[in-house]
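In what comes next, chain A is part of two complexes: it sits with chain B in the first one and with chain C in the second one.
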Partner chain A sequence: MSNATATVATRRRTRRAPRLSPLGWTGLVFVLAFALLAVVGPLIAVDPLARTGGPLEAPSGAHWFGTDNLGRDLFARTADGARLSLLVAIGSVLAGLLVAVPLGLLAGYHGGRWIDDAIMRTLEALQALPVFILALFILGMLGNGESQWGPVTVGPAAKVVLLLALSFLPYFARVARAATLVEVQEEYVNCLRVVGVPRWRIVTVELLPNVLPPVLVQAFLWVGIAIFSESALSFLGLGIQPPDPSLGNILSGATSYLMLGAWWFSIIPGLVILLVTIGINLLGDEVDRLLGNGR
Partner chain B sequence: MVRYLVRRLLGLTGVLVLVLTLVFFMLHASPGGPENAYLGNNPTPEKRAAVMAQLGLDQPLLTQYWHFVGSMFTFDFGNSLTTNRPVSEMLMQRIPITLELGLTSFALWTVVGLLAGAVAAARQGGFVDGLVRVGSVVALSVPSFWLGLVLVLTFGLYLTGILPSSGWVSFSEDPLGNLKSMVLPGFALGLASAAVIARTLRSSLIGELRADHVAFGRAMGLPERTILSRLALRNAVIPTLTVVGMTLGSFIGGAVLIENVFNVPGLGQLIVTSFMAQDYPVAIASTYWTAGLFLIVTLIVDLLYFAINPRIRAQFSAATGGSR
Partner chain C sequence: MSLTSSSFSRRRFLAAIGLVGAGTALAACGGSDSSGGAAGNLTPQQGGNLLIGMPAVSDYLNPLVATTSAVAWASAPVVESLYDYDESMKSVPLLAAGEPEISADGLTWTITLKEGVKFSNGDALTAEHVAAVLKHVSNTKAYSDWTTYFAYSVADAKATDALTVVITLAAPYGILRSLLNNLPIVHKDFIDKTDTTMGTGPFVVGSVAQGQKVELTRNAGYHGEAPALEKVTFTAIPDAATRTVSLRSGEIHVMTDVPPDNVALLKKESAINVHVVAAPISILSYFNAKKGPFDNVKVRQALAHSMDRAGVNEVVYAGTAGIGQGPAGPALEGHNPDAALYSGTPDVDKAKALLAEAGAGAVEFTLMVSSSSKELTNAAQVLVEGWKQAGITCKLDIIDGGTWISRWMAGDYQMAMSSYSTGVSAGKTAFPLFSTYVSTNAMNYGYANAEVDKLLGQAWATSSDEERTAACKQADALLAADAIAVPPVYPSLIIAQRTDVTALDAGQLSLSRLPAAGAQLMA
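Right, the complex of A and B next:
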């Protein structure tokens, strides 16, 4: 009797929380460590803009990650940079989702008709340039300072968010469209139509919750690409502008001091990018594996 | 083939016009006028006048739009604001260097990626396979420009005298020096792409090794090496080639980043120096050409793929040949 209950309980638990492989666990730990650095780091660190030490001090008890050429604490700057990179990455993915999911739903709901064609062909045109090159191209033409778009002043960080979001559109919209196409074929959608449920209600209340899960999985993976793209753009001087720290522009500042032996200046902030990207990639592989096993 | 080429060229032009239109309206939505974005912070009146005249900002919006888009197709980017040389001339010096770095690195890393993928799949579950699986996740996550910094530090400060860690020698001056100066940038540039290629080939080869015709080959007593090279690899290579083609583009974007780490005087270095000097005609033209090179290279890969893979040819003629 008690044995049977135990089996049922185990089964239920395995279904709810799929077992992670060691690599999956590693990924989870890396991602959580990065989140901890980005969220808690800036709270416990000193002011990232203040000169709290001598120039180019090696890591020590006082300065965990050392100091930069101006004597600013690199732990504070790296943590603040991680926070900014994470905000830009999450912001761009959310902004992309906000536009791409409705477009994908619309295209999928009208699958095969002109409206589907118009949306998907336009997005495909955008996709001819990969994320980094499209953002580089547009930022290159718009300049790296503040821009005035109508009444709104757009700072460099907001520009990066918008451009990354724009370049994510085709990828997110395609996933949303594919999920919608499958869902629209389901019996219940036709039933709802017959009963006379308005179209907007079918789309928002019935389709959307079923379309979101695969889209959100993709969105999570794209946070890693967004972090890399932001740091690469900032490294080139087109993204976040100093003195505000971002993981990319700290590295860009470090290039001049490599030959002075200031290894911590470039190694540590780069390791932070490396760890979060490995983490996200490992978790992505894990999701693939779990979905593959589930079917 | 010609019809395919025409269609691809039209698509390519469409992309450029779409992006240029987007940028044009973003620039003109600003109340200060587009010259502000071109001028950067604290422009001198002369600089403003020069840019205004160059951009033709006194003309009607539609004429301006026509000129803006037109200049990107006639390759007339005007003169640099700092050196006063024609921008196109500066580009012609830089582009071959970026191409040389990108293409050499691409060729070498593709071979490495394919070998790693094939060996891992042949020894699936073994030590080498595990090494390739874990190694490729790490390799594909390394930010190339950071790897570059690590290499500069290692070879410039600790292991000095083995390889040049910075700078560039032209091939015509010193062929051996040119190759040497390319080793480290090329290494940093392609590691991630090699990992992607290895992963793709490994997974499609493993799928192929489970196919019926491979089982049949085994039953017939063919040696494992023949099965791998004759039966499995041939089919597995086709999806991998698509990925190889896609990574070629990333070598162009990556080269732009890497040049700044290793002080290679290509397009990427031009982008950064022109932005620092607020030399916007040069900055715009060099980012434009980075995108342009990517599109051209992708187009060439597509054409090669079209020539190699009969399935695409068949698909294309089925899609267009029927109606015409």
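Right, the complex of A and C next:
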């Protein structure tokens, strides 16, 4: 074996995983802590709706995060709220991707033509609406409780998922379109056209796998935004309704008790929202950095 | 700047952090107000501006439009009624010269007005103004909450001379005498105005910032004893915590709608008095008895027996409320103080036995609550957990006030709850509270009890307070036993004031009135 070949073989055997920066590790820790709280917390906590203590008890061995104004365990409610926030966030991002990626692919594949214009102008009009104004409008018409849409009962959580998915469409579609525009310029696409591969197969089998990575990075970042948005909607009374806990509606009920000295009631759920949002942002920046270095 | 340079030593850095931390701690400790002296060292003064903080200042200033506390409290110093309560809470003539003369058949009431009373613009109070007000509130098409009380009972009202009003009734309506304690007499040219009002009271409307602030100034031509205050200002401070801070710091003198869980904190302050008063504030429960599961009285009774009343009182109302039995609370005619039909804690065995008798199986229902009342929303959450113990599953439907009203009027609910403050319009009478349960009421969905109908008919027809009270008590007991009107608690009216203001009259507070006009600042 030549020296050059040996060097390459050595490098292959000893290639290391990308190293995270300190901020990346910080983000990862925050996100994992939130995931642990959301996934494991509800399994080990008491019933978040039951009154298991006195009102506004400080954190203790019996109630790790204290109790709320109705004597309910705040750890249980925060964990349940975190789980619900995470489910709503992931659901809204997935629902948004389900619609936005095909739209972005279609617009990018027909880049510059009327289909592209029609799709992107419509999405830009949607993007012009702030999400909270959109929420007020939609929930003002539908109400913030359960609604009957034909045979289907749509609850507050489902409404929030659909609302957030709608507001995310322009952003995901734009990323998908941009990635598609780049891929469509590649030689292999022309070759596929020349040999007679159907358009739908080019888009779904060839373009889609190459377009997905940047879209998924964006989607990951938007999970953090979705968690924050869901919390904000619930804080304003437009999202998850009591007695079901959500990080936002816990905070909403807690602010008036700061003056009574019940700092845990608002600080702890607020910290959870803050840390997961920061964590996802830091991780997203880290992924961006690593992908950029890899090219 | 380098951390190693001599101009920025580690020691200096730590000292700076320590100073900032100490400053922050001092600032945090500075929240408690001790600027008010003990009341014993203060004497009432003439003049001054009484500042009152309320959750909202009504967009309407005309007290004939709405019977909410917000509009009633802001307009009460400006308008007066034909009769009022004296210091011993006895109803006495105010704008009337004496008691009404009632015909033998009870259908014609003649009221003579007091001479020499003027509106604040100098116009004399005449029978024409009184008749105009009565005609307005008895017109079913009028934009007025008062039609609830007068529309189908007062057939006509006219001035037979400058000081005599003759009221013709459709049927005997003895309760009219009580209602005339509260009906504001407004200048006839102001009846249809919404943003202002004019009356014969000790104050006149000054500057108004709609929805934010109402300032009243002293009426120099007031026919009665001149008020000590120069001005009274009502300010909207929607957030309760901000109202509390404003009261503690002296930015306002009186705070209304004190959250029950703030009472203990405020009572610790030497500069603040807290009034916790039984008043005509009720929690109304509505069952749609036209459909399951509440078409069965035993299911309703099971629900009533498994209500966690003590939990609601302790956790939501911080012990300031009374345990509920029948619909009439302690400040209302018809209250049964010795009633003990339902226990404070859920009687799970009794509830399960009743469900078994009803053959109901697992009961599931939806409770519709308006999001506009934080206490009611919290009470509903406590009740849900109590009912769970008896195997009753309740899903909460917390909706905005407008949707609640639409669905309530349409009967689109299984159970609904709302809070209702009736003192400013009905005083001590239980008329607005009980009327919904009369079988012919359009808002009554499926409940009919002939005995209740008869008793309430007698109660509203009689002119005797004692007869009315007795009839209302019996109706209250029947409504409780039928479990059609089962409030968990009787909330109290909670008002906080600074001790550098004379104490607000407890008797007036017990009618849900805010006696701002008679207060004095002290120094």
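As a convention for this text, the second predicted complex is superposed on the first by the 267 of 295 C-alpha atoms of A that agree within 3 Å, B and C clash if a C-alpha of one lies under 4 Å from a C-alpha of the other, contacts with A are read in each partner's own complex, and residues count from 1 in each chain.
By definition in this document, a contact is a pair of C-beta atoms (placed from the backbone, for glycine too) under 8 Å apart; a residue touches a chain by one contact, two chains touch by 3 or more.
Model, not experiment: these values are computed from the prediction.
Asks: Mind checking the superposed model to see whether chain B and chain C fit together on chain A or clash?
Replies: Clash - chain B and chain C, as placed by superposing on chain A, overlap.
Asks: Taking the superposition as given, does A:A128 touch the first partner, chain B, the second, chain C, both, or neither?
Replies: The first partner, chain B, only.
Asks: Just checking: does A:L142 make contact with chain B only, chain C only, both, or neither of them? Give me first, second, both or neither.
Replies: After superposition on chain A, A:L142 lies in contact with chain B alone.
Asks: Quick one: is A:T277 in contact with chain B, with chain C, with both, or with neither? Answer first, second, both or neither.
Replies: It touches chain B, and chain C stays clear.
Asks: Thinking of the overlay built on chain A, is A:M259 touched by chain B (first), by chain C (second), by both, or by neither?
Replies: both
Asks: Of the two partner chains, chain B (first) and chain C (second), which one does A:I115 touch, if any: first, second, both, or neither?
Replies: neither
Asks: By the touch definition at the top of the document, which applies to A:G237: first (chain B), second (chain C), both, or neither?
Replies: After superposition on chain A, A:G237 lies in contact with both partners, chain B and chain C.
Asks: Quick check on the superposed pair: does A:L251 touch chain B, chain C, both, or neither? Answer first, second, both or neither.
Replies: first
Asks: On the superposed three-chain arrangement, identify whether chain B or chain C touches more chain A residues.
Replies: Larger number of chain A residues touched: B.
Asks: So in the superposed three-chain picture, is A:G71 touching just chain B, just chain C, both, or none of them (first/second/both/neither)?
Replies: After superposing on A, A:G71 lies in contact with chain C but is clear of chain B.
Asks: Would you indicate which of the stretches 148-156, 328-336 or 400-408 belonging to chain C has clashing C-alpha atoms with chain B?
Replies: Stretch clashing with the third chain: 400-408.
Asks: If you lay the two complexes on top of each other, which residues of chain A touch chain B in one and chain C in the other?
Replies: 143-145, 237, 255, 258-259
Asks: For a test of understanding, state which residues of chain B touch chain A in their complex under the given definition.
Replies: 11-12, 14-15, 18-19, 22-23, 26-27, 29-32, 36-38, 40-41, 134, 137-138, 140-143, 145-146, 149-150, 152-153, 156-157, 249-250, 252-253, 256-257, 260-261, 268, 271-272, 275-276, 280, 283-284, 286-288, 290-291, 294-295, 298
Asks: Touching residues of chain C toward chain A in the complex: what are they?
Replies: It is residues 239-241, 244-245, 259, 261-262, 265, 311, 314-316, 371, 374, 377-378, 381-382, 384-385, 396-400, 403 of chain C that touch chain A.
Asks: In the complex of these two chains, what residues of chain A are touching chain B?
Replies: Chain A reaches chain B through residues 23, 122, 125-126, 128-130, 132-134, 136-145, 147-150, 224, 228, 231-232, 235-238, 251-252, 254-255, 258-259, 261, 263, 266-267, 270, 273-274, 277-278, 281-282, 285.
Asks: Which residues, counting only chain A, touch chain C once they are in their complex?
Replies: 49-51, 55-56, 69-71, 143-146, 237, 241-243, 253, 255-260
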